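Labels for the chains are A, B, C and D, by order of writing; each one numbers its residues from 1.
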Amino acid sequence: MPDFFRRKPTFNRENADNDGPVVPDGLWVKCAKCKDLVYSKDFERWFRVCPKCDHHARLTAKQRVEYLLDSGSFEEWDRGIVTSDPLNFSANGDRYSDKLRQTAEKSGQRESLITGKGRIRGYDAVIAATEFGFLGASMGSAFGEKFVRAVEQAIELRLPFISVSNSGGARMHESTFSLMQMAKTTAALSRLGEHKLPHISILTDPCYGGVTASYAMVADIIMAEPGAMIGFAGPRVIEQITRQKLPDGFQTAEFLLEHGMIDKVCRRSELAEALSLLLLHYTDATMGRRQPDYVYVSNGLGEDGS
Amino acid sequence: MTATTPAWERVQLARKPERPHSLDYINALISGFVELHGDRRFGDDPAVVTGIGAFNGRTVMVLGHQKGSNTRENLDRNFGMPGPDGYRKALRIFKHAEKFDFPIICFIDTPGADPGLGSEERGQATAIAENLLALASLRVPSVGVVIGEGGSGGALAISVTDRLLMLENSVYAVASPEACAAILWKDSSAAPEAAEALKLTAQDLLEFEIIDEIVPELEPAHEAMDQTIQRTGDVIERHLAEIEAIASDQGIDNLLEVRYQKYRNIGAWVDKQEEMLGELPTPMTASGNPGS
Amino acid sequence: MPDFFRRKPTFNRENADNDGPVVPDGLWVKCAKCKDLVYSKDFERWFRVCPKCDHHARLTAKQRVEYLLDSGSFEEWDRGIVTSDPLNFSANGDRYSDKLRQTAEKSGQRESLITGKGRIRGYDAVIAATEFGFLGASMGSAFGEKFVRAVEQAIELRLPFISVSNSGGARMHESTFSLMQMAKTTAALSRLGEHKLPHISILTDPCYGGVTASYAMVADIIMAEPGAMIGFAGPRVIEQITRQKLPDGFQTAEFLLEHGMIDKVCRRSELAEALSLLLLHYTDATMGRRQPDYVYVSNGLGEDGS
Amino acid sequence: MTATTPAWERVQLARKPERPHSLDYINALISGFVELHGDRRFGDDPAVVTGIGAFNGRTVMVLGHQKGSNTRENLDRNFGMPGPDGYRKALRIFKHAEKFDFPIICFIDTPGADPGLGSEERGQATAIAENLLALASLRVPSVGVVIGEGGSGGALAISVTDRLLMLENSVYAVASPEACAAILWKDSSAAPEAAEALKLTAQDLLEFEIIDEIVPELEPAHEAMDQTIQRTGDVIERHLAEIEAIASDQGIDNLLEVRYQKYRNIGAWVDKQEEMLGELPTPMTASGNPGS
């Protein structure tokens, strides 16, 4: 076994799969959008959101979990589940199995989804978060199996289910196996719903293809980070096929809100607050317990979570 | 055709405009077919045909992607690529079937879902996802048949059925060979190699246990249309009778459980947790939430 | 009691509430659309559809029942139900109760809906048909009560339910009572659906307001006659409020088909055939009986029912 | 205000821009309100606000028509006149509430459904009708409150609830007094007379047993906003507690039966069958179907 996990990824490393800042030195980071320099510690403190232009840089699954969950509360599940390359796939001499090994080494993850249990402001929840650094968070067999097991655990434990997703599209190397994970993950959510447990979906940049056309868009509540690009087909494909110029802001989170596809655009800094408020409402009602020591604001979500 | 026919040849056969399309099957197999229209929301998508009729003496709801047999028809039918309105028309029919306990027969034949601007605006991804959700728990028996091209999520959205069949010269994959070649070979002329690699033939998918049966084409379907359609009808009947028997003998909840397990078990993975234990660093935990 | 029913309405009478032909003499009728003269007997034989321009003239409820049902099969229900003028309504000195009496005398009906049981090509069904000549087939208390009783009878008898509607809008003289008939009729259909009995709705010219925004648009199958004007708000109201020019064909049956709101545009001459085919499918499946002696065409509905 | 206040004065009070609107009630009565957006089909209609929150310690889904307090806000909110997308957003929330057993509270305040071209194209009538159908059999308790204008089908589409309340100075009618005057008086300046004739006040509708209770306004709501809203909350709580008790003690099917009878029994008619018999001609029958 290669030693995937020895090299602990650091937040500030350069990462070709990442639209985050390029680090000119250890102290300053350069915003990928406005190109301004931001003091590195500020950048981390603001959850890798540029304080100047509000650009939400992509997160690794690990960062996401760290930012979202209460400190030390995450218990990861099914870390050993990996794909078995059912097609024995190779493209132009490049073997899928080799690619998986290289990707694992580079990303520090063995698959494009991590799952587990954690707490958000005191509320227990099952969480599944995608790893874009692992083959663009494409949905392969391992992704699907981990997702479904997590949903089944949520049913078993009677916990709400939160997914945080981005994805570049299909895992072509697994062809129809990849496609069928759309049906598999969604079927599991159908069961979750029958048990009256909520699924809250958080869409992050970029979110396309099989993920949006399956579990991520049939949640009870859908939120997206500002500026996140979200759609079925990618903008280049659409331009190429339709030969139409795409309008400004097409497929952004704000565009989806305007077209009725999501419930809320939520800044990263407010996400834990927003989720905890929702978990409060669902937990009280469907999980048969109250957490009256939790004091919520009476006039709803403020513009500034903390 | 033999099992060793190259995948690329299958792709070309599956796409042949002269090949029988959904309405050919429907008109031959469904008595007293009444086409139903519209999603009751926005439009009536001609890339999806649907309706009610009798299949071997029982009332069923049928639907399918509808390609044209020539360029003009294909322009009218958007080459069988549905928009969200097409998927929502299908969803309406699924719910209609459920309300009246009618079984569902789906004919799958699309290059994929429409990738246009309007489709994105009206929620193509949402529409497909909602169909997957609805089909997973639909309380009536369903049979799907890939009769030509099974293209990606656009095909899946009406094929999550109790039994999934494929014509011998049909194909089913997560992406077209051309798209796959363009991305992984950086050369779309490598489509034949990509077709081979994608394992998209009926034979492949039967071996993977993703489909339940192959409807043989003694001659390619477009050269023996009536026989192929009748043979397809016979195979549908056999499967439909089997799942109707499960539903009536063991109850619909049992059929739903079988359906759930069918899709839940698709996937090729191994659990290497054991052998990893020794070499892993400390298990990953959240090391601090700056916001809490 | 005034003698409402002595004066049997004749088909060819002039009728201000009717867009049908004006009769220059007894033998010929003049089409309201193309203005051509049509031999009166032909016109009747073609169900009051102009053979030259296909204009579907409005029918009285009685004509509708005669054209649609098998000869002699209709059994009318609840003929005595009339409104009781709950608001004691009068407008500008014109009393609603007077208007009701005048309308009844003119139309030969006591309310704007007739209900009953009949057969269509041998298939039993419950039918409700509106009378446009009675205050524009507006939905008042009596309409609602007759409709709901008919639905309840359909449940009792396990029969499919067919509504044939046109309507000019609300019965202002009954105000909120009129409005609530929308809820009342639709609630009854909800029960019909729970009993797995189909509701087939036929929309005819003109169909607006409370009728379209309630029972007529939530049917399992919706068909409309060619050229029928169908909508929520009337075209004049829309033009007046939005100051927009309405496009050609706006709110026609064909427009609704294109916009996904109805299943089929069906010519009057094909209606009985289309209905009987549907009744066959639903009767077989949901009413637990077959009528194998009925031979249907194997390739579906032809363009010419007979 | 007294019970003899002229109807037209009520209409003007009900329409006052300064009067508290749905979000005023929601923000004051619903703890931790999270607004939810969109119909998942086409758009997010600002004339309907909806979301989840806690009402006196229980989770509820709330929704309401939303008017603006000034012209600018009213333009943004389309004067509280929803399109089909607004009604479909409401429908989504109704189904969401049903899925999780959350009670529903609806605030009704609209001149009517939007009469625009786009609304017709996307099925305004269909959208309203589908809500009536859904509400009739929704398996959760629901309370509706007319807080301002209850305008026609556009109001009805979210008011078919287990209990329907009205603020003292709100109105509810099948048409606006102006429209009614224009049609029946041939003169829209006769609106005050039409308002009287339409019997659209809370007092009228309580007498007709169409509503269940009047929330008194000791002063007009816009002059005593906090007290009016709190009093409204108290009345909602009492009714909600009663219907929750029916649902939990006698089962939800009983609550649905009560709801069905409530609407089934609205109507003012008499059966004159008996006295007609003597004077009628032969009962009407189909005298011949030329097509059969």
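As a working rule, a contact is a pair of C-beta atoms (placed from the backbone, for glycine too) under 8 Å apart; a residue touches a chain by one contact, two chains touch by 3 or more.
From a predicted model like this one, the values you see are computed outputs, not experimental measurements.
> Return the chains shared as contacts by chain A and chain B, ordered by label.
Both chain A and chain B are touched by D, going by the contact rule given at the top.
> Considering B-C alongside C-D, which chain pair is linked by more C-beta pairs in contact?
C-D
> Please flag the chain sitting at the greatest distance from chain A, going by CA centroids.
Chain C.
> Distance between chain A and chain C based on Cα centroids, please, to the nearest Å.
53
> Could you tell me the distance, in whole angstrom, between the mean C-alpha positions of chain C and chain D?
Each chain's C-alpha centroid was found; their separation is 27 Å.
> Where the centres are mean C-alpha positions, what is the separation of chain B from chain C, in Å?
About 40 Å separates the centre of chain B from that of chain C.
> Indicate the whole-number Å distance between the mean C-alpha point of chain B and the mean C-alpha point of chain D.
About 43 Å, centre to centre.
> Where in chain C do residues touch two or more other chains at once?
Residues 259-261.
> Can you list the chain D residues in contact with two or more other chains?
40-42, 122-123, 126, 130
> Output every touching chain pair, sorted by label.
Touching chain pairs, listed by label, are A-B, A-D, B-C, B-D, C-D.
> Provide the residue numbers of chain C that touch chain B in the complex, in ascending order.
193, 196, 198, 220-221, 257-264, 274, 277-278, 280-282, 284-286, 290, 296-301
> Note which residues of chain D are touching chain A in the complex, please.
27, 30-44, 52-54, 57-59, 85, 89, 96, 99-102
> So in the complex, which bits of chain B are touching chain D?
40-42, 84, 88, 122-123, 126, 130
> Which residues of chain A touch chain B once you look at their complex with the stated criterion?
Contacts found on chain A: 1, 3, 5-6, 8, 44-45, 47, 62, 65-76, 78-87, 89-92, 94, 114, 118, 121, 141-142, 144-145, 148, 170-184, 186-191, 194, 209-210, 212-218, 231-233, 237-238, 241-242, 244, 246, 250-251, 259-261, 269, 272-273, 305-306.
> Using the touch definition from the top, list the residues of chain B that touch chain A in their complex.
It comes out as residues 113, 115-117, 119-126, 128-130, 132-133, 135-137, 152-153, 156-157, 160, 172-175, 180, 183-186, 190, 193-194, 197-200, 205, 208, 210, 259-260, 263-264, 266-276, 279-281, 283-292.
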